[in-house]
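One structure, as C-alpha cells, below. Some questions next.
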C-alpha cells in the first residue's frame, strides 16, 4: 500500500493541480513532492533489508497485475526522483511560468510515471508508467520550451516512442511465451526469457534494448538528446536528464540483463563498444559546444555511456557502481542544470562565448558551479568519484576479452571530461565582468536547492556507505 | 433477437415521426430516447444470455452468442453516445432528421445481424442492410456536391464489392454445398479444394472493402471526406466495427481450420493497409481527411485480430478495439464538428480558446495513437498480443508498430496545433455545458478503457 | 453438362462485368456492368443448386435479386441526384474529393 | 600519538572549512592566522608522531581505519591512514614547509582581496597532500592525489580574471588528469589481480606464490602508476604544465609546485618500492624519463628570463634527478632529495617572491639587477639556496645530489654523466639567475627603483628558517665516505627496505664528488663571466630553441590539441548533424516524401479506384494461389 | 449433340456476346438492350437447369423492372452515344487486361475442380412450391429482414430524391 501511495500521491496531486487553475498549484506541487519524499524515505527504510512488494490483479485476462516491488535499486531511484523534484520546485519557486497549474500538473504526472517505472514489477505496468512519464514531458517541452521546441520535442517524442513500441513488441513476445496466470509478472517474463533459445534471445534483445538505448541514450541513438535538452525548460531538462535517462539504465538492469542472459552475452561487446564510442564521441562534441545546455547534454551522454558499458560488462562491482552512479549522476546533473538555468535567467544567454565573470558577480553561484563541475568530473570526495571508480573497476573486471582496452578508452572520457567541464567553468565563472550586467547572487530558495544538491554531493562523496549498502543486495542478485 | 426487432420497430417509428413531428429537436430527442431503450433491451438480452453459450434462431440463421451480444450492447452504447454527442450536428445536415435516425436504426439492425449471423446469406443481407443506408447517409447533404460525389463513389464501389462478395459466397457454396457457417467449418486443410480457396479470397476481398483495408480501401478517404461529418463519424466507427466483427466471425468459425490458405494474403493486406493508411495520412491538410486515412490505419490493426482469429486475445481484442476506437473516434469527430475549419490550421490555438475541448481532443488523439492509459493502447495491445501469440506474425507486428510510430506524426499535429501554435480557432457553434458533460464522459470512458479493459470483457 | 461449363461461363460473365466497370465512364453503364456481375453469380448459384440438388441456392438467388432491386432504387436515385447537379453521369467529373 | 594521526589532516580541513565558509565576511588577517595556525597544529602533531616513529618502541606501520569507504562485494576499501617512517617524514616536510609558506603568505598576499579564499585553498591543499601521504591504500592516496591537483588548479587560477592564468590552471589540471588515468589503470590492475588496494596487503601478496603473476604484470602496474607520477611530478611527456603553473601566487609555487605536490610522484614510487623492485623494465623507463627530463628542463632553464620560469624548469629538472634515483633503485636517496629540495626550492621560490614583491610584480630578470643592495636578507638566503641546489659541499643539496649521482654511477655510468651535465647546467642557470637579479646594475624603471625595499618580517623569517634548513638539511644523510651512519636511510629502512644502492669504492666516490664539485664551480664562474655584461640580444640557433622550450608546447598543440579540436568540429558538423542526425531526420523526411507520392494514388477517379482494387485483387489472388501450390 | 446441348451453347454464346455488347456499345440504350438480352440468355440457362421460377423472376424483375428503370433513367437524362467520351485507350486496355488476368487466375485455380455432370432429370427443386417451402421455413428470417432493406431504400428515395 505504501508503494501504491508513492505513485498515487503525485498522480492525484498532478490531476488536482490541473483543476486548481491558480498559482497555488506550485504550493500543491511542493507539498505533494515533499510528502512523496517522506513516504519514499519511509519505504527506503522498510526496504533496506528486504524488498517490499505489493500486488493485486489488474487485467486477469491478460495476466497482468498491479504489482509493485521496492528493492534497493528501486528505492534508490525513487529516492532520487523524490529528492530531485522538490529541489527543482524549490529552486524555481520565484520563477513565474505561464499557466503554472498545468506546468506543475505535468511535472507531478511525470514524477508519478517515473516512480511507477522504478517500482513496477509487472511488464505491462512498467510499460504503462514508461509512457506516463514520457507524455507529460512532451507537453512540458512543447509548451514551455525554447524557440524550436515543437519540431525538436516532436522528434524526441517520436524517437522514444519508436523505441517504446519495439520494447512493447518484445514484452508481448516474452509474455506470449509464458504459461500460467501471471504472464507479465517479472518472474514469468524472466523465466520465459531465459527459456528462449539463444538465437531468439539475440533478436528479442534488440527489440527490448532499443527502447532503453534511445532513452539512455547510447551512441548512435542519441541525437534527440542535445536538441531536446537545449529546447526544454530547465525543470523539464532536469526531469529528462536526471531521472528519465535513468529509466533506461534501470530498465536494462531490471528487464533486460536477468531476462535475456544469452542475448546479453551475445551482444554485450557490441553494446560496450557503442557505449565507449559514445563516451569519447560525446566528450569530443562537448568540447566544441558553446551552448551551456548542449555541453551538459553531451556530458550526460558521455556519463551514461560509461554506465551502460559497465552494465554490460557483467561484473558485480560494475553493477554496484551503476547503482551508485545512477543516483549520483542524477544529483550532479540536477545541480548542473540548476546552475545553467540560473545563468540563463540572470544573463539571458547560454552562449559561453558571451558569458564570464560569474565568480565576481555571483560568487556563491560560482562556488556551487565549481563544486558541481568537480563532481561532474568525478573528483574524489565528491559523489561522482565513487560511482565512476566502481564503474571503471567493473568495466575492467568485465568478462569481455577486451576489457582493458575498453576501460582505457573509456578512461579518455575522464580526461576529455575535465577538458570540457573546466572549459565551461572558465568561460562562465572566470574572466572579466566588464560587459556583463552585475547580477544578483543566489536567492534564498536557489541557495536552499543548491545547498541540498551540494550537501548530497559532499556527504555521499565522503561517506557513500548508505548508498552502497542500500544497493549491494540487488547488485549481488544481478551479478553474483 | 429482441434487439433486432426493437431496432426495426424504432426505425419505422422514426419514419412515422418524420411525418407526424415538425420539430427537428424533438425528433432527435425521440431517437435518443429510443436508442436508450434499445440499449436497455440489449443489456437485458446480454443479461439473459448465459456466458459462453449462444442462442440459435430461425433454423440456425442467426446464432447470437454472449460475445456477439456483448458486442451489440457495446455498439448500441456507442451509438447512443454518438447520438448524444452529435445530435445537434445531425439536425444541421438536412431536413430529414427523423429519416437519418431511422437509417441509423436500420444500420444497427444490420450490425446485430453481423454479430450473430450463422449463414452466409445473413452475412450478405446484414452487409447490405448496413451499406444501403450508408449510401444514403453519405449523400444526405444535398446542398453539398461533395456529399453527392461521396455517395455516388461509395455506391458504385460498394455495389462492385457486393458482386465480389457474392462470387465468393457462391464459390464457397460450390465447394461445400452449404451456406451455413458451421457447415463451412468442415473445410479441412488437407482436402480443401481450390474453389473453396478462391471463395475464401473473394469473400476476404469483399470484407476488406467493407473494413476499408488496402487495396480495397480506395473509397474510404473520399467517402469519409465527402459525407456529412456526423455520418462520417458513424461510418468510421460502429459500421466499420460491425464489418470487422463479421470478418472475424467468418474467419474464426468457418475458415479457422484452413488459415494457411489465407494467412499470407491477409497479412499482406494488413501490411499494405497499415502502410497506406499511416503514410498517406501524414501529408493531409484536413483533419477530417486525416481521420479517414487514420481509420484505414486503425483497420490495419484490427486486421491483426482477424489474422490471429483462433486466439482468445483476438476475440477480446476485437471487442476492446471496436469500443475504444469507436469511442475515441466519435469523440474526436464531435470535437471536429465544433470547428469551423477542418484543416489543421483551423485548430490553431484552440487550447487558449476552449481548453476543455482541446483537452478532450487530446485524450481522444492519444487514444487513437495508442498511448498507454487510454483505450486505444489497450486495444492495440490486445490485437498485437493476439498476433504475437500465433507465433508467425512477429514481422508484421514490428512493421505495425513502426507504422504506429508514424501515426504519431499526424495525430500529434492536431495536439501541436491546439496547444502550441498561435491562432484563433473558430467554432461553428458554441460549446454548451451539455456538450462539455458528454465530452468529459466520453473522455473518461476512453481512460477507463485504458486502465481497466477488463470491465468490458466480462465473461468473455 | 459438366459444372465447369457453367463455372467458366459465369466467371467469364463476371469478368466481362468487371472489365465493363473498368472501361466505361458512364455511371449508369458501370452500374449495369455490376448488375451483370450479379447475374453471373446468380447463374453459377443456380448451377450449383442443380449440382447439389439443393434449393437454398436458388433461394439465395432470389435474395440477390431482392437486394439488387433495392440497390438499384437507391443507386439510380443517387445517380439522378448527381445528374441534377452536374448534368452529367460521367464518373471522371467526380474529382472534388481526392488525395 | 599515532592514534591521533587523523588530527593532522583534520586541522587544515577545519581551517579550510572556516575560511571557506566565511570567506567573504572574515577579516583578512584572521583568515591568515587561522590558516597558519591550523597547519602549525598539524606540524606539532606531526612532530609528535615523527618522534614516536623514530623511537625504538615503534613497531612497524600503524594503520588507523577511520571508516569504511567503499564496500562492494569482494572489494572493501577502508578510509584508513598508515603511519610509518616514510609518511611521518613527509608529514613533517609538508606541514613544516607548509607552515612557513603560510606565514610567508600572510604578508605576501596581504594586499589581495581574496586572501581568505587563498588561505582556504592553501589549507585544502595541505589537507589533500596529507591525505595523499597518510593513506594506507592507493585509493586514499588517489583521493589526495586528485585533491592536490584540484588545489593546484584553484590556486594557479587564483587570479581568475586573467584568461591566461585560468588557461594555465586548466592545462595543469588536464595534464594531471592524463596522469591520473594512468594511476587509475594501475590501481585497477592491482585491484583486479590482488583484490586489494591496501599497501600492506598488496606488498604482502607481491612475492607470495599463490598469486601466480608474470613479471609483465608488475611492469604494467608499475608503468601505469608511473604515468600518474609523470603527470603529478611534471616529467616528460607531461611536464609542460608546471612552468605555466607559475601563474599562481608565488608562495603557491613554492609550496605546491616545488616543495610538496610535485614530489607526490616520488612519494608514490618510493611507497611502491616493493613493486618497482620487481619491475625492472618499469625502472628502466623511470630512469630514462628522469634523465631526459632532468636534461631537457635544465637546458630550457638556461635561456629563460622569467625568474619563476627558471625556477620552475629547475624544479622539473630536480624532479628528474629524483626519478633517476628512483629508477636506479635508490629510493631513500630520492626521498632525501625530496626533502632537501623542498627546503632549498621553497627557499628559492619564496626568495623570488620577495624579489617580485619588491619589484611590484615584475618577473623579468632582464629588468632586474643589483637588488642585493636593497634587500640583503633575500639576497643572502637566495644565495644559500643557489649554493644548495648547485651542490656546493656543505649545503644540503650537495649531499642528496651526490648520493643520486653516486647511485647512478653505480647503476650505469652513462646516467651519471647525464646527471653530471644536468648538475652543471643547474649551477649555471641558478647562478645566472642569481647574478642577473642581485648583482650588477638595476635595469628596471625608475619607479621600481624607488620602490625597492626589503620584505617584511613575516616574509623574511620563513626565508631565514628555510635557509638554515637548506644548509643543515643534508646532514641527516651523510655520504658513506664521510659517515657510516646514514640517519635517513636508517630511519626509512623499515618501509623502504628492499633497495640497496651499490656500495662504491670510497675512492670512486671521492672521485665522483670531486668531479661534480669541480664542474659545478666552473659553471658558477662561467655564469658569473657571462652575466658580468648582460647581453639580451635576441637569441638565435640553439639558444632560441632553448628559449622557446624546445617547442614542446607547440608540438603538443600540433599533434594533440589541434587535431582533437579539429576532430571535435568534424564530429560536430559532419558526423553529428549531417550524419547521424541527418539520417534520423532523413527517415522522417522520407516518410513525408513517400506520403506525398502515395497520396497521389488517391486520384479521385472512381475508375482508377476500381482498377486499383481489381489489380490488388488479382495480385493477391496470384500470391495466394501460388503460395498454396 | 442433342437439343439440350445446342440450346446450352446457343444461350452461352448469346450471353457472352450480349455481355460484350453491353460493355462495348457506345450507345447507352443499346447497352441496356444488350443487357436485357443477356438476362434473357441467363434465364434460358435457368430453364435448362429446371429453375423455372427463377427464370421467370429474372425476366420479370431484372429484364422487366430493373432494366426498364435503367432505360427510363437514361431516357430521362437524354443520354446518347456522343455524351460519353471514351476513356483513354491505355486505361481501357489496362481494364481489359486486369479483368482478363482475373479471369485466367480464377480459371487456373478452378481448373482442377472435379468434373461433375449436372443431372438433366428434374428433381423439382426449382419449382415454386419447393422454393416457397424453403423460403418460408429455413429462410424466413432473411425474408423478413429484407423488408428492412426496402424500408431503407424507401427512405433513400425520400432523402435523396425529394427536393428541399
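Every chain is named by a letter (A, B, C, D and E) in the order it is written, and numbering of its residues begins at 1.
By our rule, contacts are C-beta pairs under 8 Å (C-beta built on N, C-alpha and C of every residue); 3 or more make two chains touch, one makes a residue touch a chain.
Predicted, not measured: the structure shown is a model, and the values here were computed from it.
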* Asked: Through how few touching steps can chain B be joined to chain C?
  -> 1
* **For chain B and chain D, chains touching each** => A, C, E
* **Where chain B and chain E overlap in contact partners, by chain label** => C, D
* Just list the two chains that share the greatest number of C-beta contact pairs. => C-E
* Asked: Hey, which chain is the most central one here, using CA centres?
  -> A
* Asked: Measuring from the mean C-alpha position of chain A to the mean C-alpha position of chain E, what distance in angstrom results?
  -> 70
* Structure fact -> Cα centre of chain A to Cα centre of chain D, whole Å, reads 37
* Structure fact -> Taking each chain's centre as the mean of its CA atoms, chain C sits from chain E at a distance in Å of 7
* Asked: Cα centroid separation between chain A and chain B, in whole Å?
  -> 42
* Check each residue of chain A and list the ones that touch at least two other chains. => 158
* Asked: Which parts of chain D, given as residue numbers and ranges, touch two or more other chains?
  -> 588, 599, 602, 604, 606-607, 610-611, 614-615, 617, 621, 625
* **Set of chain E residues in contact with two or more other chains** => 87, 91, 94-95, 98-99, 102, 106, 109-110, 113, 138-139, 142, 146, 149, 152-153, 156, 160
* Where do chains touch, given as pairs? -> A-B, A-D, B-C, B-D, B-E, C-D, C-E, D-E
* **Residue ranges of chain A in contact with chain D within the complex** => 155, 158-159, 220, 222-224, 281, 284-285, 287-289, 316-317, 320-321, 357, 359-360, 363, 374, 377, 379-381, 385-386, 389-390, 392-393, 396-397, 404, 407-408, 411-412, 414-415, 418-419, 422-423, 426, 429-432, 463-465, 468-469, 472, 475-476
* **chain C-facing residues of chain B, complex** => 121, 124-125, 128, 132, 135-136, 139, 142, 145-146, 148-153, 155-156, 159-160, 162-163, 166-167, 169-171, 173-174, 177, 179, 221-223, 225-226
* To do: Enumerate the contact residues on chain B facing chain E in the complex.
  => 4, 8, 11-12, 15, 57-59, 61-62, 94-96, 99-100, 102-103, 106, 109-110, 113, 119, 121-122, 125, 128-129, 132-133, 135-136, 139-140, 142-143, 151, 171, 174, 193-195, 197-198
* Structure fact -> Listed in rising order, the residues of chain E that touch chain B in the complex are 106, 109-114, 137-142, 145-146, 148-149, 151-153, 155-156, 158-160, 164
* **Complex contacts: residues of chain B adjacent to chain D** => 152-153, 156-157, 160-161, 164, 194, 197-198, 201, 205, 209, 214-216, 218-219, 221-222, 261-262, 264-265, 268-269, 272, 276, 279-284, 406, 409
